[in-house]
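My questions all concern the structure below.
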Amino acid sequence: MFDKLDQIFVTLKHLVMGHLPAAWQPLASAVISIALIPIVFPGLFAIVTVIERKGLGRIQNRYGPNRVGPFGFLQFVADGIKALIKEDVVPRAADKMVHFLAPVMMLIPVLLAYAVLPFGRKMVVADYDAGLLFFFAVGGGVELSVFMAGWSSRNKYSLLGAMRAIAQMISYELPLILSAVTVVMMVGSLNLSEIVKHQNQYTFGIAHWFVFSPWGLAGFLLFLVASLAESNRTPFDLPEAESEIIAGYFTEYSGFKFALFFLGEYLGMFAISGLGITLFLGGWTAPFSFLTWIPSYVWFLSKLLGIVFVFIWIRGTLPRLRMDQLMNFAWKFMLPLALINIVVAGIWHYMGPDWPRWLVCSAILACAYGLLGLGLMHNQKLGKRIYRYAE
Amino acid sequence: MSLFLVITFVVTLLAAVAAMSLRNLVHCALMLAIAFSGIAAAYLQLNAEFAGFTEILVYVGAIAILIVMAILLTRSGEAPEKSVLTSGWLAGVVVTVMVFTTLGWAVLNSTALPPPPVEAPQATVKNIGDMLMTRYILPLEIIALMLTAAMIGAVIIAFKEDGKSKSSQGNETPIQIGNQPEPLPAGSVESRKEGVA
Amino acid sequence: MLGEQIIKGMAITAKNFFGSYVSKERLTTVQYPEERLPQQGNTRQFPMLVFDGDPEKGLRCVACTICEKECPPQCIYIVKSKDKKPDYKGQPQLYPAIFDIDISVCMSCSICVEVCPFESIKMNTEFELSTDDRFGALLLHKNDLAKSNEYYQKLHPDDAKESDAALAVEKAKAEAKVKAAAEAKVAAEAKAKAAAVAAPAPATPTPTTTSSATPPPAVAK
Amino acid sequence: MTPLQVCLLFSALLFATGFAGAVTRRHAILVLIGIELMLNAANVNLIAFWRFGPHPEALTGFIFVLFSMALAAAEAAVGLALVIAIFRHKKTSNLDEVKDLKG
């Protein structure tokens, strides 16, 4: 019975396709699996905006929106209507065509990136042989749209915001890809379903998730921090910080285009945390062998909500990084640690499956983390503040 | 010959011609990005999956942004001067036409190749990896060296000289505004620190 | 070690987040329209006119227009009445035919309350006065402003008692004056009779003139 | 017109566009864009021959394209660095004015 529940969407799709004539079947199957993404994830985006505002509220000892709908869960409808009603102001000096295309160009790569993520057992839209490479290749398109938005509004602040956003995205793309490389080394294939199948075995009831190994944990933390920066979220949200450059590259956007940027940012966040789940947290696999009766897509969704909650939690806690701190952190801490992580993954692979490899790998990683951290804290003076009192 | 491939070819050609002929440079760069994505789509349809994704990653993701940054750094974002072509543009066009006719003639009546294998070749990541690691190991190392050398070279070329070189224009030294704040007497800072820590 | 403070910070926000579900007194928000905070004693929003008994006749304001002159943003507009009406002391006083306060201009500084010699204008605590009509509705007229003294007692009990004490003292003085005037009159009549008895022949016409000068009857409060 | 010939014609056309742009345009960056297009035309050629050629399992054309992409990226980086250096020196990126060799 559980297997039927697990494959319910797949059977539904075949059911629907059954009615169509044979010639139309491949097209129908493509359309159905593609149509699911723009329905499910913008819905998730709507709910997560409310969860985010309520979570931030609760962190700051207040309620968060509770007026619109039960416990405030229709707030996204109000925001959506507000975005639709707001007048769409286009600056006179703006480059009309590029200004109009920027939000579209932001959504295309993000929605494309969902094609390779395995949401459940046999539930992946396009099972490419080089799925991971496709995800990162398409992820690069977002920077182009950020530039188009910043440049076309002909406004110094949005251009500065766009330049900062691009610099940040490029310098955090490197640790992102390098931390994913360690997983590819271990599995030996770029195919995401292959990676999940590799993590689907259990010993003494615990799943073989990569996050449970030292190089996997380091890789996962690196991936998490880099995805925070890639989706411009809180410790790294300098490009669109209200206190700095008004709203960064989408200063000159209002009304529905602004909402599209907002949607693009959240969909980007879901996509990249979805990838993090697939690489390190075992995609749609259950953590323990006795829990495998829960359907696979439920596991994927709950892990996704878990990571989104950690993002919100980080947003409620950490202050914003300055531009130079942000860059130093990427090039002088994240990149070397990612490279060391690849070496450690190599050592892990060739030391054979007994306990000393745990010790060696975690020792190397711990002292690498400590040394790099000390180096960063020392010349960046990130340690305890030294106060100089005015005479 | 699938219809989609022809459509991709036409779209890519239009984007490439636009990239070459538009006046505003940033529009050229964006058209170039579309041309690159068109070429990547062509690769995907020719079953070269890995090459298509690498094309998007390398060209659309990196080189297009690099060109756009260079356009902004050389402040030619929106300065379409009077004539966009160089003085000797006619000779260029003539040479181009000659180049294209020879290529076209060579393509059209070259001896036909044996018919390709019926099922499309599979360039799976596994055998690309094996090929790279076994047969093409030397070019891989050379490419790695070349990329590092190129990166260092690019940085050195584009590095901003610190004003000592006697360049003809002589870049301006930073103007002094007001007197420099004299550094804090070292003694007071140390004593403050002990007081606090 | 890098990240130490980050973990400490995250722990604090986690404690806040889960604490807010567990202990209710962490959440101090008051759901405004449903729950309301009790207002402090000296809350003041916009002025009101106090009356004793009947809003028309018992209005304490005598249209002396001191508050109109003193009001910094000049948001009070008074037009005096032609006729007079007796006030609480019984003297005939003017009263305001029109007494308007523009609450969109009033800055609730309560200077009018301080300068009013007749304890007739006090500060009300009514603040939900928003309307969608931008002009007329924000100009409160005499009948909107008039509030009974009991309402005033309930609103500001302590300084309401002071103002009533002052009014009572004022009334007592007035009655004492009236009584004194009455006794003086009685004494004058007694003297006049005594003078009449002492000189009966020439004084026969004087008693008729004194009767017309008797003071008007004291109005029962 | 076999599919291979269509691909070759397309890459020839792409090459001609890139060449025309590189030769006729005045701006330095547009010359670099032309060169990029030419490189891509060559890559399309290689993939076409790999796809329709006799021994596709040998993957020669395919690997050649990967290496040529890496090369193109390096060339673009160095080329643009040169353009920026010239601009910083001569305050212009118009190729007609960058004629004198003296620094």
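Letters are used for the chains, namely A, B, C and D, taken in the order the chains are written, and counting of residues starts over at 1 for each.
The rule is short, and it goes like this: a residue touches a chain if its C-beta (ideal position, glycine included) is under 8 Å from a C-beta of that chain, and two chains touch if they have at least 3 such contacts.
None of these values were measured; they are calculated from a predicted model.
The interface with the greater count of contacting C-beta pairs, when A-C is set against B-D, is B-D. One simple way to say how far apart two chains are is to compare their mean CA positions; for subunit B and subunit C this gives 81 Å. For this pair, subunit A with subunit C, the centres built from the Cα atoms lie 65 Å apart.
In this assembly, the C-alpha centroid of subunit B lies 9 Å from the C-alpha centroid of subunit D.
If you average the CA atoms of subunit A and of subunit D, the two centres end up 34 Å from each other. Among the residues of subunit C, none is found touching two or more other chains. Listed for subunit A are no residues, as none touches two or more other chains. The set of subunit D residues touching two or more other chains is empty.
If the chains shown are joined wherever they touch, the resulting network is a simple chain of contacts running from one end to the other without closing.
Interface of subunit B with subunit A (complex): residues 26-27, 30, 33, 49-50, 53-54, 56-57, 60-62, 64-65, 68-69, 72, 77, 124-126, 184, 188-189, 192-193, 196-197.
Interface residues of subunit A, counted against subunit B in their complex, comprise 95, 98, 128-130, 133-134, 136-141, 143-144, 147-148, 151, 163, 166, 170, 188-191, 384, 386-389, 391.
Of all residues in subunit C, only 1-3, 6, 9-10, 12-14, 16-17, 20-21, 26-29 touch subunit A in the complex they form.
Only residues 55, 58-63, 313-314, 316-318, 333, 369-370, 372-374, 376-377, 382 of subunit A touch subunit C when the two sit together in their complex. On the side of subunit B, the complex with subunit D involves touching residues 1, 5-6, 9, 12-13, 16-17, 19-21, 25, 28-29, 32, 35-36, 39, 42-43, 46-48, 50-51, 54-55, 58-59, 62-63, 66-67, 69-71, 73-76, 81, 83-87, 89, 91-93, 95-97, 99-100, 103-104, 107-108, 112-114, 116-117, 120-121, 123, 127-128, 131-132, 136, 139, 143, 146-147, 150-151, 153-155, 157-158, 160, 167-169, 171.
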